[in-house]
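One structure, as structure tokens, below. Some questions next.
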Amino acid sequence: MTARTFIDAIRETLAGEMRRDPSIIVLGEDVGKKGGVFLATDGLWAEFGDERVIDTPLTESMIVGASIGAAINGLRPVCEIQFADFIFPAFNQIVSEAARMRYRSNNGYSVPMVIRAPYGGGVHGALYHSQSVEAFFTHVPGLKVVVPSTPHDARGLLRSSIRDDDPVLFFEHKKMYRSVRGEVPDTDYTIPLGQAAVTHPGSQVTVIAYGLMAHYALEAADRVADEGISVEVVDVRTLRPLDRETVLESVRKTGKCLIVYEDNKFGGYGAEIAAIVAEEAFDYLDGPVTRIAGPEVPGVPYNHALEDWFMVSPDKIADGIRQLAAY
Amino acid sequence: MTARTFIDAIRETLAGEMRRDPSIIVLGEDVGKKGGVFLATDGLWAEFGDERVIDTPLTESMIVGASIGAAINGLRPVCEIQFADFIFPAFNQIVSEAARMRYRSNNGYSVPMVIRAPYGGGVHGALYHSQSVEAFFTHVPGLKVVVPSTPHDARGLLRSSIRDDDPVLFFEHKKMYRSVRGEVPDTDYTIPLGQAAVTHPGSQVTVIAYGLMAHYALEAADRVADEGISVEVVDVRTLRPLDRETVLESVRKTGKCLIVYEDNKFGGYGAEIAAIVAEEAFDYLDGPVTRIAGPEVPGVPYNHALEDWFMVSPDKIADGIRQLAAY
Amino acid sequence: MTDRTGKQGSLAASVGLYDDDLVQMYRYVALARALDERMWILNRAGRIPFVISGQGHEGAQVGITWPLERHQDWIAPFYRSIATCLTFGMEARDILTAQYATALDPSSGGRQMPGHYGSHEHNIVSVSSPVATQLLHAVGIALAAKIRGTGQVALTTMGEGSSNQGDVHEGLNFAAIHKLPFVFVVENNGYAISVPAARQLAVADVADRAAGYGIPGVIVDGSDVLACYAASREAIERARSGDGPTLIEAKVTRLTAHSSDDQQTKYRSAEELAAERERDPLPLFRSQLEEAGVLTEEIATRLAAEIKLAVDDATDVAEAQVDPDPATAMRFVYAEDDGR
Amino acid sequence: MTDRTGKQGSLAASVGLYDDDLVQMYRYVALARALDERMWILNRAGRIPFVISGQGHEGAQVGITWPLERHQDWIAPFYRSIATCLTFGMEARDILTAQYATALDPSSGGRQMPGHYGSHEHNIVSVSSPVATQLLHAVGIALAAKIRGTGQVALTTMGEGSSNQGDVHEGLNFAAIHKLPFVFVVENNGYAISVPAARQLAVADVADRAAGYGIPGVIVDGSDVLACYAASREAIERARSGDGPTLIEAKVTRLTAHSSDDQQTKYRSAEELAAERERDPLPLFRSQLEEAGVLTEEIATRLAAEIKLAVDDATDVAEAQVDPDPATAMRFVYAEDDGR
């Protein structure tokens, strides 16, 4: 066990996996000498060289499309999109190609690859360096979507993602890179994709979250605990496939469900969780399924006053919990 | 009043709007001499010529990106994406650019444009000529999304979309092009964006749908009427902005809500409606908020047996209504 | 395929092949055509709902595919690539089962539209509908070949209309930077559905774009099978020896409408269509081989019979096959990891 | 801007300008530099969190922008386009309020990061972050100009790394087919953040790509302001007279790190950085104008004072402005249609 920042866990896991499996390559913009704009790939180029750590041109569709081809021909590419906001030029390659190759070829071809991308706001990134883009991909059969919230989970889930035989989108909240630390075992553990974690047991209100919001949910849970409200926090960790059972079990126990996400609310990922809960836990509900999410604007504004206005905070979550508990 | 097919209503509306407003241009693949692969633009090139009806190269990002520019400089482009399935290469231009131009420039610039695209399955189109893509766009602030289901609505909503000062995605179910007919007034009426329609009044179960599914919902409602189940069908028509009030009013009345969409279920547009109903109509619900939608596969398969398996049908909807009514 | 020995007349010798190669190449052109014509008949007869055709492209496809190594090299084809797929190992039956979308269709098990060929067994990447995406897959395959040191070459092919997609720019750029073993083939038939080349590109030749990536751009007459072969062999050798990609533009003709859903008389004149018939590679190649004494009457008769048999057999097999069971439709969205 | 009269020395005459034009051009180069240096100072002082710089690009930007007609033509700039925006009408205050993201920032009202300039008043398209998207907007603006017969020219500019994006291919192709009044400027500084040109392109010059679209590709020394002016004037004339687009590649140098978040010593040697200083357009232009007797000591002193005043004033104004009110943050997602 060693304490690690979130980004250290990712970087070390990448290095460890590359040592373990020579078919893994890393590619993306500035991932080589510079080590990535957040330094998530720092040191890899020095250790593994030009052929396995490839600085690509500024072309996201190529990064993903060529990774698909490389995966078809025996490699396991882990590509980096410099900011999740810049994944859209690759949307067609991800949704039309990576996600469907296995299905459309009737299992003839598979695409074992990982797309890593830093996402999320609260770091003065403004409209185009702050987005939550998970909802665009969690809707797509053929893709898996992972959003870890701790160094421990990041390591275990990144290992599983790299070893998975299907395309995985792996989103890392950039605000957590250096602000979140935690114990990480030095063993070769993995965390299976598709397993949520109950990170704070409780009995009165279930709060479902992921990424940075999983931390804010814990903070909020602590805050309202003093007021006598017992909150259970579920960190879904893998968004597709979703661990419905853990979610539903918690809600069936507490009877109340608050879903938290940073993305704008309408049509965000939490809508699907709300819909599942409303359908499958109806008989257990003691209150409406509620959501706290970002406002309906096309991005996180830059100015700090506007950014604070946009971001979901532990305070806002705590308020949501109080309201639901009082229902 | 004249009876029109769905596609006639669209073609005539395009022609009428182009006559009314010389700033409207039409551009896309094969929209000129050929009149579009479905003939939605047939005759426009002959009437309006090369400058206002532009056969573009096979480049969707360009079609949308250049339309944004043209909109900025005084035109109202109506571009056609040949099949909704091919809109993904333009995803970045739609989501990062068209949707945000007004917001990011603090109202300095606006992008009045319409993107028309045929969508939907049931026509032997297979994985890439059958998709429902609305969920990717209904999530995005700055966009409007319209899915008409009758020739009457198509005309009124297309007029409003073209006259709107913001980017509108206008999805036309290709199976309805020639199979759906209806009366269309010869007046210059419009239907405001953001208004749902109660297309079949009822008291026991609310069914919410759009596009082809709005027709199937009506068929299902008729079917179960014989069994004594009174169904209210709401055709949302505009998906973003959603007319929450009409939806909620109906559910508050019936106490039961079934949402129908053709797209795969997880994270589809209906998830948001379910979430809204679960949150805002909770006290009125006499049963779970349910959904009938497509299966979790990455596209509609081609073979007719597989396609039938995929498609939501009036039968499947009727079954869903019966179950919910019996709850 | 080029290691055969045997008779080598002057025509064959002029391109470094044997007579038997030429006969086999002719056989693929003729087989592709015969299958294609059968598809249209079946379509008109209401047996199959949709046809997308390779007629007019077959000569270029066979010539270009010939120098690749089967089961070693890779092809990422497009919807007109019937002759390509046949030359690279798929069978007549495979082509027709794809039209019927049967359970045993090796391309997709009936999941995809006709024309979306693919074969894991033959290193043929599964075709998808959004055009030009496959270029990046071929580039990635070439990247893996280089990194893994397999000696493989990856070739992709598409129409000139599709070559305007952004993915083509991004992929050629990357392949050129890394001198990947990659060949880009454009089958330029002058139309993207109804849009003539002059509204698709401002240059007469797609090959003019090669210089912008620092790679050779070669124009070849797509109705001249052996010229296509020679251009392809050179590009493949270049690729294999580490000198990087080549762009080959084959000028072909589209002898049919875009697909069975299209009416090309709406946008092409009768004169133009008649003139294009002159560029049909099948009779041109046949005359060439006859004149060279390679295709004797005896061989021609034998081939015609063989091809008829193959096409009839493929039709019968495809007709007889069953539809996929809807119970299988949920399979292969993800790996079925038994015990992983 | 080129209709001025007045003194015309031989240098000015050689490019068809007047001495006063040259002084004004110099003023913009120097003002952009002074504002840029102030930004870094404010960043180090903790007043503004982020800087993205135009240092090294200013000469090319001023030269290229000069022949455009203000309030008539259009520019879709990128994040380094400080000198471009100033030359096209934005004020020093506008640049600095953007750094502070204040309520009155004309580019975005504090919504966007610094560097994302834009001005409806000046026909400057709002910059977004995903690179190269603006090329298509400029092409569309040019299309509208042609259809509406406005006589406008649209120019866009970006780095050489960004020019590899698919949108660039698609846009140049379309603009060339329709001979749109469009100019594409590549400010090639040899790096895309840390990635050197050799890993971004397989050719030495982005201009080599122009031929693939049938348009002229012009290379110009970006530290030579008047050469940039001449190349741009020709391209703009060509565009305006209906002869279609031109690609201008200005070879510039990036004198700073990519941004205040970057450490360029990790990937550029001290020698390289020192050598690049020699290509700084500011002292080169100054010497040129001094030698030609255009920039007298008197003028230089006056300009320096003016610029200092402008930069100080802009800083003061920006410092004094208030943050946007969060109550306004929901505005302008859509049109606020009062009574429509």
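We call the chains A, B, C and D, going by the order they appear; numbering starts again at 1 in every chain.
Convention: a contact is a pair of C-beta atoms (placed from the backbone, for glycine too) under 8 Å apart; a residue touches a chain by one contact, two chains touch by 3 or more.
Every value quoted in this text rests on a predicted model; they were computed, and no experiment measured them.
Greatest centre-to-centre distance from subunit B is found for D, with centres as Cα means. Across the two interfaces under comparison, B-C and B-D, the one joined by more C-beta contacts turns out to be B-D. Work out the mean CA point of subunit A and of subunit B, and you get 30 Å between them.
Our note on geometry: subunit B versus subunit C, Cα centroid distance of 37 Å, whole angstroms. Chain geometry summary: the mean Cα position of subunit C and that of subunit D are 46 Å apart. As a whole-number value, the distance joining the C-alpha centres of subunit B and subunit D reads 41 Å.
In subunit C, the residues that reach two or more other chains under the touch definition are 108, 111-112, 116, 128-130, 164-167, 170, 173, 177, 199-201, 333. Under the contact definition stated at the top, the residues of subunit B that touch 2 or more other chains are 56-57, 59, 61, 85, 88-89, 92, 96, 100, 103-104, 127-128, 141-142, 296-298. Against subunit A, the residues of subunit C that register as touching in their complex are 74, 76, 105-109, 111-112, 116, 118-120, 125-126, 128-130, 133, 135-148, 150, 152, 154, 166-167, 170-171, 173-174, 177, 331-337.
Only residues 23, 25, 51-52, 56-57, 59, 61-62, 64-75, 77, 89, 92-93, 96-97, 100-110, 141-142, 144, 164-166 of subunit A touch subunit C when the two sit together in their complex. Note for the complex: subunit C touches subunit B at residues 49-50, 101-102, 108, 110-113, 116, 128-132, 161-162, 164-167, 192-195, 199-201, 261-262, 266-267, 323-326, 329-330, 333. Taken together, the subunit A residues at the contact with subunit B in this complex read 85, 88-89, 91-92, 95-96, 99-100, 103-104, 127-128, 135-136, 138-142, 240, 242, 264, 266-272, 274-275, 277-280, 282-283, 285, 287-291, 296-299. Per the touch definition, subunit A reaches subunit D in the complex via residues 29-30, 32-35, 37, 55-59, 61, 85-86, 88-89, 124-129, 295-298, 301-306, 308-310.
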